[in-house]
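After this come two complexes, each holding chain A, first together with chain B and then together with chain C.
The block that comes next holds the complex of A and B.
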């Protein structure tokens, strides 16, 4: 049963042309909107459209070299590549938001070079400590809502927004439960790779279908017999977007177990909830401005906040070491690295630094990961 | 009891067989494309040299980048840990190990016989034995001679690049300018030493420093590394085998920890070797 449920989270679903839900929604004449980063997906879903996070892939690039500088991360270049190859024909539009500069360039490049019917760009303040930030971002979110209403010809009611927020919050708490089954006990009840793949693929699933699937998986896992306690070193993965999840399997093949992460394609997606009481737009503004600390933000104290978050997760999941796997050329994350690394070491938390650029090179990484795990054992 | 360590490196495969008293035999031979077959050949060769049979070996640890291709090994350990253990056994006061291998270069920090930290080159052959191989080929010299030749120079040529390909181009340019081969080699060794030094400095180089791997066999490289480090370095008499030695030491420790139950499991692994033999 568990196997069947896990099959629904095939990594190929991250391509719009191969995703069964995208096909189904489009056959029913319901639109699908691709989005980047921290776009308030709840509004898209409330408008009756399917939000689909653009995740790119790890294949070698074909076309992007000619269009996009090589100093941008593989994630952004893979999206340009897929776009030029026509992978986004199955989308009815792309919504972007200004997070890091690369994402802004990516949005511009997609808007000018790709044949996608609709584009929208949300402005998001980079400093949430400024008094006007909340009011400004709320207005931007409201404008986005109005844009979607014009686009679909239907108004987005407070009730549909509340329903959408509720559905995504349920997704978040189920994913949190799944992470607990993996990383809170002495032995993971699920392999690290399975949990990270589920979280990753959840970003391209309709939330209501995902609730059914996640609940099924959690039921299956709870019914399993409990394995004996494992003494293998427990690893926390830190980074932004980790596209090649085989890194998680590699950690486990090298003798460790992955118990947690702070990836923006992992735990950062669901750790906090959107407030369900009060004005939905206010709640979404608060969530997307304050609750997902990203190093692209310039807010005062953002590094300290991220450090505290990592330490809190390491303590919560009782991790023995932290493996940073940052995208090559991801300036925003790389700039924070020396600070995070030295502070973690001061806390007595061993750190290993890996750089990823699309697909991982297992032979090189195997030696480093194995040696790191041998230090922890 | 007998314990074996087998280190399949990118360029050379090394085996050490030891007992409780110390090292019995050590062998080294080039790694070919066929790791699986070679793992079997080298262990057979080492056994013959030691006058032992396969069944007499109590525990085998495989290391090096071909470690996953040793089907008869009882355990696999990374070469970083193995080098650290091998060097600590030879030089108990070691604090920094610099291993210059065929395709990678590592710095290992040791304290009290335990590994504290390490650093390793990433995605690039600069600072490794491959750099010296390419350069000796370009100059039409033997790899084992270039270190000595470089020591004859009083005036090392300026070599700004440590990228293997760009350095090769620079060598050709210097030759066309009429610079002597000794001076060019001295310049190249100096540049390589600088590259290795700056990488290993990230984990802080402290006394005692031990250099291992094929790079330690190059007198010119060791001299320029010593100059950069600023104090004398130690070099094992057999710098190639420290990884295999560490693996054999770990094999001895693991054998002591293996319970009777697990010994039964080990028997099954030996059957797998028979199957492997037939496949050969």
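The block that comes next holds the complex of A and C.
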């Protein structure tokens, strides 16, 4: 049963042209919008459209060079590459948001070089301590809602927003539960790779379908017999978008177990809930400004907060060491790294720093991972 | 420094005056410090008129790093930052400043003694998210009061002169918060008369430099990039002070005189070029290299299109400064950059365009491919892409760069 459920989270679903839900929605004449990062997807879903996070892939690039310079991370360039090759032909539009410089430039590169019916850009402030930031972002979110209403010709009601928020909140709690089953006990009830793949692929699923699937998996896991306790070193993964999840398998092949992460394609997706009481747009404004920060934020004390978040997760999931997997050319993460690394070491938490650039090279990484895991043993 | 680099050979008289102005600027900040004035490290593109009006002594880490680049002393400071764990792919302006911040005594003496220690850190984020990270690192190091505010990025459905009202309001509100922050630390209220005066001088300098840019449309071109990028110092650093307007007044006279006499930089000007990106400060002599082919850079995105200059209304100082903060070249969409560049190419009668891959400034380099493709497609203008960082000379391969220029110029001929 579990195996069957896990099969629904095939990594190929991250391509819009291969995703079965995209096919189904289009057959039913319902629209699909690709989006980046922290776009308030709840509004898209409330508009009756399928929000599909653009995740790119790890394959070598074919045509991106002619449209987007190679000073940006592989993640962003792979999206331009896929777009040029026609992978986004089933999308009705792409929604971007002001996060890091790369995302802003990716949005511009896609807008100028891809054949997609519409593009939209939301400005999100980067300092949630600025008093005017909330009001500004609220206006941007409202403007986005109006854009979607014009796009579909239908108004987005508070009720549909509340339903959408609720569905995504349920997704968040279920993913959190799944992370607990993996990382809170002495022995993971699921392999690290399975949990990270589920979280990753969840981003391209309709939330209501995903609730069914996630609930099924959690039931299956709870029913299965408990494995014997493991003494393998427990690893926390830190970074932005980790596209090549085989890194998680590699950690596990090298003798460790992945118990937690603070990836933007992992735990940062679901750690907090959107407030379900009160004005939905206010709640979304609060959530997307205040959620566990990525280093693109520049609020006062942001690095200290990120450090505290990582330490809290390391303690919560009882990790023995932290592996940073930073995308090459990801400046915002690179700027935080020396501070985080030295503070974690002072806390007695061993750190390994890996740079990733598209597909990982297991031969190159194996020795370093083995040595690191040996130290932790 | 391993790489071969060259200083620029300038052709105007006025630009010979720049280095003494730069040196003096930094020396004055040390002097002001002694008189207990507050030194503020700020971002280039900040509303500097407010700093003058509020008696702050602003210095600009980015400009400091560019100056170190131009003095060809930035490499060891960059290397120091890397040894401290910062990736070599991060901005070399940051790495140079970081080196001097932490390890000044072991690095070459910077011009004018470098930057006096900050009492305040201020930054307007108006395109690049490297700078707020960098400012937070400086905040942690110096532990001084810090104020960072941000301008939204202008998306493709707006234009510099046509933005949503809430964008402008957001910036104006934060700018007023900045005034309150400065007042708190100086203990003095903003004198609105002084602000209007600074905005007047900022506008005056802007109008003059606009006129200078216009004169570069003349054939032969009266001044190339080697003079123009050097002459940016007053508009970037001293805008809002009378001295900047005085400088451009003199510069305009000299350039006008040249145009009236039909005198150009090159006796036989043949090719007119556009150059993109932040200058590779350590080898500005590269601009002179084009002269060998009777080619000259007549417009640059860093000068002509950047909007260091902004026409401002002294009666509406906050709105004017907010617009100036929002409207720079790096904060606009590829679409708007494209429209601007096509106009520049037509107006300045450009025959070829040079783009730089500058790993330090991804927000500058990002539009390279779009703009190059656009120029070729719309106007049939050939383009060349070269690799040159803005301040870190260590990866610069002079011979390779020149070989590529040679091939490009032969193709243009």
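One rule holds for everything that comes next: the second predicted complex is superposed on the first by the 376 of 377 C-alpha atoms of A that agree within 3 Å, B and C clash if a C-alpha of one lies under 4 Å from a C-alpha of the other, contacts with A are read in each partner's own complex, and residues count from 1 in each chain.
Just so we're on the same page, contacts are C-beta pairs under 8 Å (C-beta built on N, C-alpha and C of every residue); 3 or more make two chains touch, one makes a residue touch a chain.
All values reported here derive from a predicted model rather than from experimental measurement.
A.B. asks: Will chain C clash with chain B on chain A after the two structures are superposed, or do they fit?
C.D. replies: Pair status: fit.
A.B. asks: Have a look and say if chain B or chain C is in touch with more residues of chain A.
C.D. replies: In the superposed model, C touches more residues of chain A.
A.B. asks: Give the angle at the C-alpha centre of chain A formed by the C-alpha centres of chain B and chain C in the superposed arrangement, rounded to the nearest 10 degrees.
C.D. replies: Once the structures are overlaid on A, chain A sees chain B and chain C at 80 degrees.
A.B. asks: Touch test for A:375: chain B only (first), chain C only (second), both, or neither?
C.D. replies: So A:375 only meets chain B here.
A.B. asks: After superposition on the shared chain, which partner residues are touched by A:162: those of chain B (first), chain C (second), both, or neither?
C.D. replies: neither
A.B. asks: So, does A:334 touch the first partner chain B, the second partner chain C, both, or neither?
C.D. replies: Touch partner of A:334: chain C, not chain B.
A.B. asks: Does the superposition put A:105 against chain B (first), chain C (second), both, or neither?
C.D. replies: second
A.B. asks: By the touch definition at the top of the document, which applies to A:193: first (chain B), second (chain C), both, or neither?
C.D. replies: Once the two structures are laid over each other on A, A:193 reaches no partner at all.
A.B. asks: Looking at A:211 after the superposition, I want to know if it touches chain B, chain C, both of them or none. Which is it: first, second, both, neither?
C.D. replies: Neither partner.
A.B. asks: Who does A:359 touch here: chain B (first), chain C (second), both, or neither?
C.D. replies: A:359 contacts neither chain B nor chain C.
A.B. asks: Smallest separation in Å between any Cα of chain B and any Cα of chain C in the superposed model?
C.D. replies: 6
A.B. asks: Report the residues of chain B in contact with chain A in the complex, numbered from low to high.
C.D. replies: 65, 76-81, 104, 115-118, 120, 122-123
A.B. asks: Which bits of chain A are touching chain B when the two form their complex?
C.D. replies: Residues in contact with chain B: 355, 361, 363-364, 366-368, 370-372, 374-375.
A.B. asks: Would you mind writing out the residues of chain C in touch with chain A in their complex?
C.D. replies: 84-87, 89-91, 125, 127-130, 132-137, 139-140, 146, 148-150, 152-153, 155-157, 164, 166-167, 169-170, 173-174, 177, 333-335, 338, 357-359, 362-363, 365-370, 373
A.B. asks: Can you check the complex and tell me which residues of chain A touch chain C?
C.D. replies: 65-72, 98, 100-102, 104-105, 108-109, 111-113, 119, 121, 123, 125-127, 130-132, 135-136, 139-140, 143, 295-296, 298, 300, 302-303, 328-329, 331-332, 334-339, 341-342
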